[in-house]
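What follows is a set of structures for review.
Each of the two complexes below includes chain A, the first together with chain B, the second together with chain C.
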Partner chain A sequence: MGEKISFFRRPAVQTIIASILCAVLGIFIGYIILLTMNAEHATEGMQAIITNFFKFSGNSTVLMKYMGSFLVKSMPLILCAEAILFAYKAGLFNIGAAGQYTVGIIASLYCSLALGWNWFLCVVAAIAAGALWGFMAGLLKAYFNVNEVIAGIMLNWIGLYLCNIIIGGEKCMNQTKSETFDIVSVNPSAILPGFIQDFFGGNKYTTIAIPATIIIAIAILVVLNKTTFGYELKATGHNKEAAKYAGMNAKRNIILTLVISGAISGFAASQFYLTGMEHYTISASVPGMGFSGIAVAFLGGLHPIGTIFAGLFVEYITLGGQYLNTNYYNPQVADLVIAIIIYLCGFVLFFKTLVNRPAKVKVNANAEPATKSAKAEEKEV
Partner chain B sequence: MEDYVIEMLHITKEFPGIIANDDITLQLKRGEIHALLGENGAGKSTLMSVLFGLYTPEKGVIKKDGKEVKISNPNDATDLGIGMVHQHFMLVDIFSVLDNIILGSEPSKFGFLTKEEARAKVIRLSEKYNLKVDPDAMVEDITVGMQQRVEILKMLYRDNEVLIFDEPTAVLTPQEIDELMKIMKELAAEGKSILFITHKLNEIMEVADRCSILRKGKYIGTVDVANTTKEELSSMMVGRNVKFAVDKAPANPGKEVLKVENVCVKSKIHSNDSVHNVSFNVRAGEIVCIAGIDGNGQTEFVGALTGLDDISSGKITLCGEDVTKKSIRYKNTHGMSHVPEDRHKHGLVLDYTLEENMILQRYFQPAFQKGGLIKKKEMRQYSDRLASAFDVRSGQGARTIVRSMSGGNQQKAIVAREMDRDHELLVAVQPTRGLDVGAIEYIHEEIVKERDNGKAILLVSLELDEVMNLSDRILVMYEGEIVGEVDPKQTTLQELGLYMSGAKRDNGKEAN
Partner chain C sequence: MALLIQYTLISSAVLILVALGGMFSERSGIINLGLEGIMVFGAMAGAMVMVLVPENWPKAAIIVCTLCAAAIAGMLSSLLIAVACINFKADQTLVGTAVNMLATAAATVIIKAFNTTRSHGSDFSAKLDYNRGYKAFIIHTSKIDFNWFEVVGLVLLVAAIVVFYKTKFALRLRACGEHPQAADSVGINVYAMRYAGVLISGFLAGIGGIIYIAAANSTWHFDYGVAGAGFLALAVMIFGQWKPERIAWSAILFAVFRSLSNVYTAIGFLHALPISGTVYNMFPYIVSLIVLAFTSQNSRAPKAEGIPYDKGAR
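Here is the complex of A and B:
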């Protein structure tokens, strides 16, 4: 009974189709922009973005090395998206993920560079910092009914300036180059343990961040779908009043959700900065990771595993921008095209409705009458 | 030839696994009130959704004034002059009454709203049809009855000539129902054609000219109301004869289960108490009913009793234990079951499946979880057992998203869940709201069975028939106070009405 839903009618398939449509449309519009800028080289430019580092496919060692770096950069993005997704399932829009990521940077870099802690303690500190930031937003939401979006945005800026002050100090930052010291040279014990680096052509940045991210995605999947905790969170997300009626502790759940979401965001920062791949430089804007994470979460159909693929796609396109020939295009054009593609990724829900249209499943389908006879038939069989 | 405004001929609409409408024909004459009768899930709402353009039927044609028309969305329906008052009102809570009425056909000049004209028209209409509304009140602040009048005005404002009422009386008080019936008759006399979806036979007998009956998605027949009886209608609808009165033996009350002492609840709207000094008790094996007109503090009292709202003073004792300050979870697990008044707001997580809703207050108990993991198999079995025991019908069984179930089956799911939980006290607020006679009969029997099993039952109801039929004691609530206690065997509807309207109070004094 009810099993006859065709392949294309399955919600999961529809989400995947919608996500792919989004990505394709984004690329198409990006292409149109390249056309308007410089029609002659547009096709070539788009090809460069899409071919990306695969242009090194002649040399497998180099290719794998690039592949490794690509994965390293994707992981924090995926983690941020997972953090946002997790909160979203509980009915909370954690735009504060960006700030939680930022305080994660503070903790990772300060603990590794200024305090000389080892990688494990640094990761724990980053998690704690992100969790604290999430806790503050949660506290404000649960007890003072401050919208978590407002609280999140404010905390983003507080986090950013704290980061500039703390990490910008002499202990962490080379004042002449105004970028943070190399963790490898100052405190090699803070670098995350490597992960099959030989496989990635000796890439020294591929670390346990890669398996850790996948484990977290799976953990979120399990928590949301199999546990009583996930059951409570989703119930609260769908209908706060019904959750209250069922005796669930809404305040505790709001805080806990944002704490966990924040912890994942903070963890994301540690999984990038403790690879030693990049330095932190004083910035006037909140790191975009937490914001791109929103697009990734939606592109991934708000599914923890889908989010992994969405994150890989977005990061891949972002990297592709570097391969756009700057002789023909202003360097900002690459960013623009990428931004448009990512922007369109947020339209998954819209596309999903579009894909779903012919079925028109509306509220209150009074659709039971035949059920009984169907049951009876089943019994007879 | 008959003068038909709307004809729906041989309509068939299927959903995955189910035929919701199977070759149904419905013809609406100009200026008549045509009732559409059927059990929950008989396909009434689906048929109306087809007429209103929400669903596209697989087979069949719709004719307006004898010409075939295609209705593929609600705008088409509106253009054809078809308007609908939905069972769950489609109003914007934070808009004023006037804004809600003009929403979708806002009068404007150069892009600016010109509300004055609209206001004049609304006031004119509301006076003409005696639909009292305050155009400037916020919808969230007005009573359900007034919200419905707003919905009716919305249709009149658009000059609709075919009006569909989808179970309009489900949420109204007896007085409001009388008023609505009068309004409907006036509208029909004005030449409007009315389709009236209901499963309340009294109402059909009172206002309808003709009645079409659906059962399990099939068309059973159309009868002239003047030539039929309630019994005939109900047997056509259910397919068997239905008892209207509840069979029950005299109550045999035992120990006190619930004791309420001087409970007060502060009002959220004004400075007075919305519940004032309420005291009573409920014993095991009896059904105590709180009767009253909607909005006299019943909702607030139940909120305080169950823990959904704060109590400002007083004491609540459940099974000998003071639970005044206990959490909802504590009350849920220490003897209290609660069928809430608003099934969509409180009773169900609409986007959860049926099985997930069935364990809404029990998911943390060892029966359904181990080490924090939900036992899916047990959940499925439990849900299937409840669904078959309480005849909860759904498209895809335990995995059906509750939102897609009919209102009656949603209600049955809640009743099933609450009755099956371990409890000493059942607080049932409007437990049969929006249900058909078959289901009402069933739920009433279950409640009586509960009582005979020694449970204490506190029933809060606006339906006087239900109050009189079911309860062993009746408490009448008026303006937040219990103004009288009567024995249903010795009272009359008239006497109850006097208490409910505040004209009479216990201790013999006549008010005013």
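Here is the complex of A and C:
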């Protein structure tokens, strides 16, 4: 019995359980929503979301092709989530990831379509653009004390309108179809190199984005846990004043964090738009990738590797929305489910204190330091 | 010029109400980043009422019903934030963001279902057409079209100033945002005060939402949300230093820039400039960033905002 409790009190286990609970509860509430919209077809609808592209499982080539496309779409989402997670570890809520992603789109598409650069330079340009957007938010936060959330939101909209002006121009956009030109036909050198495309049923969109994302996730894990820089970031995140007192340059760390976070978001955009899978169309709202990234980061328990799984899950549900029978439901139900899941993530802390409570009653005197150290461990992940 | 004044009045009514909402919430100690989402819920409820009211109702009844629906929807959705942040000590930034995402998704789903049922399956769009309700709010004069929304905004602004400076309630609310432990020690119920702050913000932001969509348009696509107006209002609130009368002035300043993007084609010299219309859309955001950069240095935010109240904390 004692062993069992210690298993459930391990922070990593608790985080995983909490995330799974959020996901399951979110899907359950989604089911109730489907029931209220149309009770007859609710079960069928939920099945469609959950079965998703596995309904092609009879034909392995088609299945792997869909699997490949699913992975391609998940990668930018995971990267955005990694960007948000990285900033969150330093105590910064980088809601501006959406804008950094948008300027990443500008750079990658403009460089590939209008300037005719090859894929490597386009990726570098996207990273630089994202980093610049992150730098602006960091500068405003560090030297002008502007809340990074507000600054991020404003930069998101500025980025969106810039994108509509630059990419909407004649150089990048087919004015009659009002979508960007095909990269494959205009400048094939800008397409990212493929990655085991035969394995994915000859899916021509599976590119090096997939291994690159995993490498970045591992790199973030190492930087956060094994380097002085990562330690400083986390210290600044826990207590800015204490970090300053210990001789860390808090202002530099804030700017650097947002620059790196922005660079990852910009990279995410290049890894999606340079596959040639989708065209950019003039949009009236900021791309949702950065916002879904927040959900993914929190659902992944704010752990770089957990985020990968959370990203796959969220993309899976979003994709599932498209398999809904549109006679009865609309695909936005999937977005709603994801929004509910991120809302539920807010309750994770409460859930953890609830699980940890019994021990407090058992050993009165020593209880407080014990839970405190447990909490400290949780944050260190 | 008349057009510019007309648009400015209406956008400042929106910004003032929503920013005041943010102020009451933050003064009680809860950062309300979900204002944008609350606006969407308020707008959705108000627009649905405008579509549903019977033809023969008098204007006054339409106006009252619409505003009530928006306010109630705003308060209900603000409960999402209140419950999570006050009772469950959730991260306020995260919950606010979640509410924003939830609002746009929920509004799209609900309006689509609403349209599908009303049209018996021929209309799947997330667009509502509320022309009749929209007309009920307009007051025609010879030069400028005024709007009942502006009157509502003015009345609520005066009410907010009086409540904020002249009542015991607001003094207690502000104490909870500065030092909740001290407030608790003299017998103020911190949880109740914070609930009050968030609910007031829901009330004001809900009404702000319906004004935002119904003031200048007679149709609205709900998959767009309210295009960052809630966050603009937060910038107004910070620029207004969490004080109602200063918020009013800064809202008017922001509203002028916002209206420019709507009416620049009607102003000769601005239209002649070789700038794309999208640039004017960017204006309010760029201006608010610059303004924030110069005003945030000495900003006096409520001390305890963003920190969940823990009775045992020292």
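Side notes on the structure shown:
Criterion: the second predicted complex is superposed on the first by the 324 of 381 C-alpha atoms of A that agree within 3 Å, B and C clash if a C-alpha of one lies under 4 Å from a C-alpha of the other, contacts with A are read in each partner's own complex, and residues count from 1 in each chain.
The criterion applied here is as follows: contacts are C-beta pairs under 8 Å (C-beta built on N, C-alpha and C of every residue); 3 or more make two chains touch, one makes a residue touch a chain.
Nothing here was measured: the structure is a model prediction, and the numbers come from that model.
Judged by the touch definition given at the top, the superposed model places A:98 against neither chain B nor chain C. Using the contact criterion defined above for the overlaid structures, shared-chain residue A:238 touches chain B, although it does not reach chain C. Of the two partner chains placed by the overlay, neither chain B nor chain C lies in contact with A:324.
In the overlay built on the shared chain, the residue A:246 is in contact with chain B alone; chain C does not reach it.
Contact with chain C, but none with chain B, is seen for A:33 once the two complexes are overlaid on the shared chain. By the document's definition of touching, of the two partners only chain C reaches A:343; chain B does not.
Within the superposed three-chain model, A:260 lies out of touch with both chain B and chain C [touch as defined at top].
Once the two complexes are laid over each other on the shared chain, residue contacts for A:192 go to neither chain B nor chain C.
Judged by the touch definition given at the top, the superposed model places A:161 against chain C, while chain B stays out of reach. No residue of chain A lies at the contact with chain B in one complex and also at the contact with chain C in the other. Contact residues of chain A toward chain B in the complex are 1-2, 4-5, 226-229, 231-232, 234-235, 238-239, 241-249, 360-374.
Listed in rising order, the residues of chain A touching chain C in the complex are 33, 37, 93, 95, 140, 144-147, 149-151, 153-158, 161-162, 164-165, 284-285, 291, 294-295, 298, 326-327, 330, 332-333, 335-336, 338-340, 342-343, 345-347, 349-350. Chain contact summary for the complex, chain B toward chain A: residues 15-20, 40-46, 49, 54-56, 216-218, 306, 308, 327-333, 338, 340, 345-352, 356, 360-361, 363-364, 369, 372-374, 376, 393-397, 399, 403-407, 409. If you check the complex, the residues on chain C that touch chain A are 33, 80, 84-85, 88-91, 93-95, 97-102, 104-106, 108-109, 112-113, 121, 124, 223-225, 227-228, 231, 234-235, 238, 276, 278-279, 281-282, 285-286, 288-289, 292-294, 296-297, 299.
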